[in-house]
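Okay, here's the structure, questions in a sec.
Labels A, B and C are assigned to the chains in the order they are written; within every chain, residues are numbered from 1.
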Amino acid sequence: MTWSLRTEGLGKAFTLHLQGGSHIPVLRDVGLAVAPGECVALAGPSGAGKSTLMRCLYGNYGAGSGRILLRHGGEAVDLAAAEPRLVREIRRDTLGYVSQFLRVIPRVPTLDIVAEPLLARGVPREAARARAAALLARLNLPARLHGLPPATFSGGEQQRVNLARGFAPHYPVLLLDEPTASLDAGNRAVVIGLIAEAKARGAAIIGIFHDTEVRDQVADRLFEVAPMPDASPAPGAEAPAAA
Amino acid sequence: MSAPLLEASGLRLSFGAVPALDDVALSIWPGEVVAIVGESGSGKTTLLRVLSGLVRPEAGEVLYRDPAGATHPVQAMGDAALRRLHRTDWGFVHQNPRDGLRLGVSAGGNIGERLMATGARHYGGIRQAAAEWLQRVEIDPARMDALPRTFSGGMQQRLQIARTLVTHPRLVFMDEPTGGLDVSVQARLLDLIRALVADLGLAVLLVTHDIAAARLLAHRLLVMRRGQVVEQGLTDRVLDDPQHEYTQLLVASVLAA
Amino acid sequence: MMAPGAENRSREAAVETVTGYNFGYLDENTKRMIRRALLKAVAIPGHQVPFGSREMPLPYGWGTGGIQVTASIIGPGDRLKVIDQGADDTTNAVSIRRFFARVAGVGTTERTADATIVQTRHRIPETPLREGQVLVYQVPMPEPLFRLEPRVAETKRLHALADYSLMHVKLYEDIARTGHIATSYNYPVMVNGRYLMSPSPIPAFDNPKMHRMAALQLFGAGREKRIYAVPPYTEVRSLDFEDHPFVPIRADAACELCGSRESYLDEVVTDDRGGRMFVCSDTDYCTTRQGTQGSAREAAE
């Protein structure tokens, strides 16, 4: 099978120096492969490490062992061993991530937040802003909000800004962490449509969907993340880590 | 992205028995923002001063790569060459704007000084550049002839940044640029720096003890403790998945906003 | 009728040379030390050379630096002219001229053309100087950067690095504040494209005369213990901006005594009802012109 992303023997554990050096294994020997145009939903009970896996796949958490292979610019690269500069390049061109929460950059207008990843790839400013505006409009964010920083937006509005930012650049690999959690039915349908279009473009999508209705509509298959035997919940398993 | 602007290796320096730098290595590439974090006395400001040639290390080497691609050991550069470098291809933003500004010279004169130091002799051209830079750092160009001592702390810091960037350096050293400012003023300054860095493709070496500032600005992070780099890597990975005990302590000490 | 200057000339010719002093007042070792400093100064145009300034029989501020330079270079065959603000007949000029007449027995003159050495405070004569002449300036503050950078060590560093942006900032500030460069005397110059130099407090009007001057220019600062020099035919440029070029300024009037429209003019208040007149600051130049005009009139009659 051809793949866009593939893990080999991926493992992750946390050592908490501030809590007596306790060692918490979360992932062991994860082997996941996603093909272009395929959407894989991570499944498993709460605390099994789905979010930890997502964060490892984005390079946000360092892999403890194993490899995370990505097709980047026609080559296979191992994200787990990549230098920071290469990780930045991969994130710019290949790998997108829609987290549950928007990390707000103070004072930057919504439109620029969405356009920024396009600008980073060299898309001309006007074209980038036009695409950003179209995507925000599709996600039912009124144009009068586009010029405002999203700090004061509601949770659902911020989520849609995050989604627009994630879908705008057409990443070949896209990670979605609860993309519809705070959305109403209408916007859920928009997101389902966006995912379908991304798949049609050949994007490989990995998602955590608690909303089974959405999951059933977009996912081609489930990937079971099994909880480690006698492991307490990982610190980063469900909620974002501190800071 | 082909070669680093600055490469340091094996840096050592101690003040008496206290090691300020203990075998520190660091590289910074064009367009990259690297933050050095750590508590007071960890050696981060010393590192900045050594990298920028202001202080000589006891051992180790700092290599500067010029726009033509040739490398020069910073510690072997003469005073004149180093000073020229600090006014052209490099910039330095001090924590206290008083150290980086002439408070008795108008805002326009402060910005113009670097241009004049590099040979600009057209008054109108200097004025125009000063007006553009004031606007870029969100200071009303009508204040061009006002003295910086009549400015607020945040304005002074923005003026210092304009003065530093007017000659289009490729590498800027920043020593706690938001230290000593009110929180609301800090946010505005950080955002301004973030936007300028992205627009100009600057490489920045930023010393800060403000983890939030580092997260907002830096692509890469170095954590220093007692003169050693105890952990380094991609900013979000170091902050979200800290490995070293000291980094975990540092991250845990930050109040989540 | 005799010109006022000619009267002085005859009076001073009567000064007797005093005995008991070395020729030129200074001892030969001191002169050698100063000449070494002068040679170094000539070799590095515009660079300030420290020297061991001696106590002189007149206070600092009265030209002790210039006098020591003159004393070190003057010989029995020299003819000395001394001016103060362009005038030969002010107390300071007369005193210094008499001093050298007494301690060196040299001839003195008020004619620029006749002098081999001209010691000056605050002016350059209008009559162009020629090869072989020496112009000695009395300098109160040799450091052009001193008002801008109070640390002496730092000014030395700035000279060493040829970093003169501070001075340009000062001129920039002048224009920003007043619309033009507000410096009308002691206007800074670049010598030989390398050193920033104070021309001493001469009017900016005189600055162009320093450029490629045929005579040797020597500068002595007694209190500050510095000597500097501009060798003949050296480039001396007044600092400026492309769009605010240096302009030598003079009062827009003719001299009421000789009618000159070229010379630098002093404004003289003639009464307490606002009456005033403009006359040449250079008395020799003015007298000479009046003399030629007088003879021309006589010839015509």
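FYI, a residue touches a chain if its C-beta (ideal position, glycine included) is under 8 Å from a C-beta of that chain, and two chains touch if they have at least 3 such contacts.
The structure displayed is predicted, hence computed values, not measured ones.
Located most centrally within the structure is B, per distance between chain CA means and the overall CA mean. Farthest chain from chain C, judged by C-alpha centroids: A. Note on chain placement: the centre of chain B and the centre of chain C lie 49 Å apart, centres being C-alpha means.
As a whole-number value, the distance joining the C-alpha centres of chain A and chain C reads 79 Å.
Each chain gets one centre point, the mean of its Cα atoms, and the points for chain A and chain B are 32 Å apart.
Those residues of chain B that touch chain C in the shared complex are 79-80, 83, 102, 105-106, 108-109, 112-114, 116-117, 121-127, 144-145. Against chain B, in their complex, chain A makes its touches with residues 14-18, 55, 59-62, 84-85, 87-88, 105-108, 119, 236, 240-243.
The touching residues of chain C, when paired with chain B in their complex, are 157, 160-163, 165-166, 168-169, 172-173, 175-177, 240-244. For chain B in complex with chain A, the touching residues are 1, 29, 32, 187-188, 190-191, 194-195, 198, 211-212, 215-216, 219-220, 233-234, 236-237, 239-241, 243-245, 248-249, 251-252, 254, 256.
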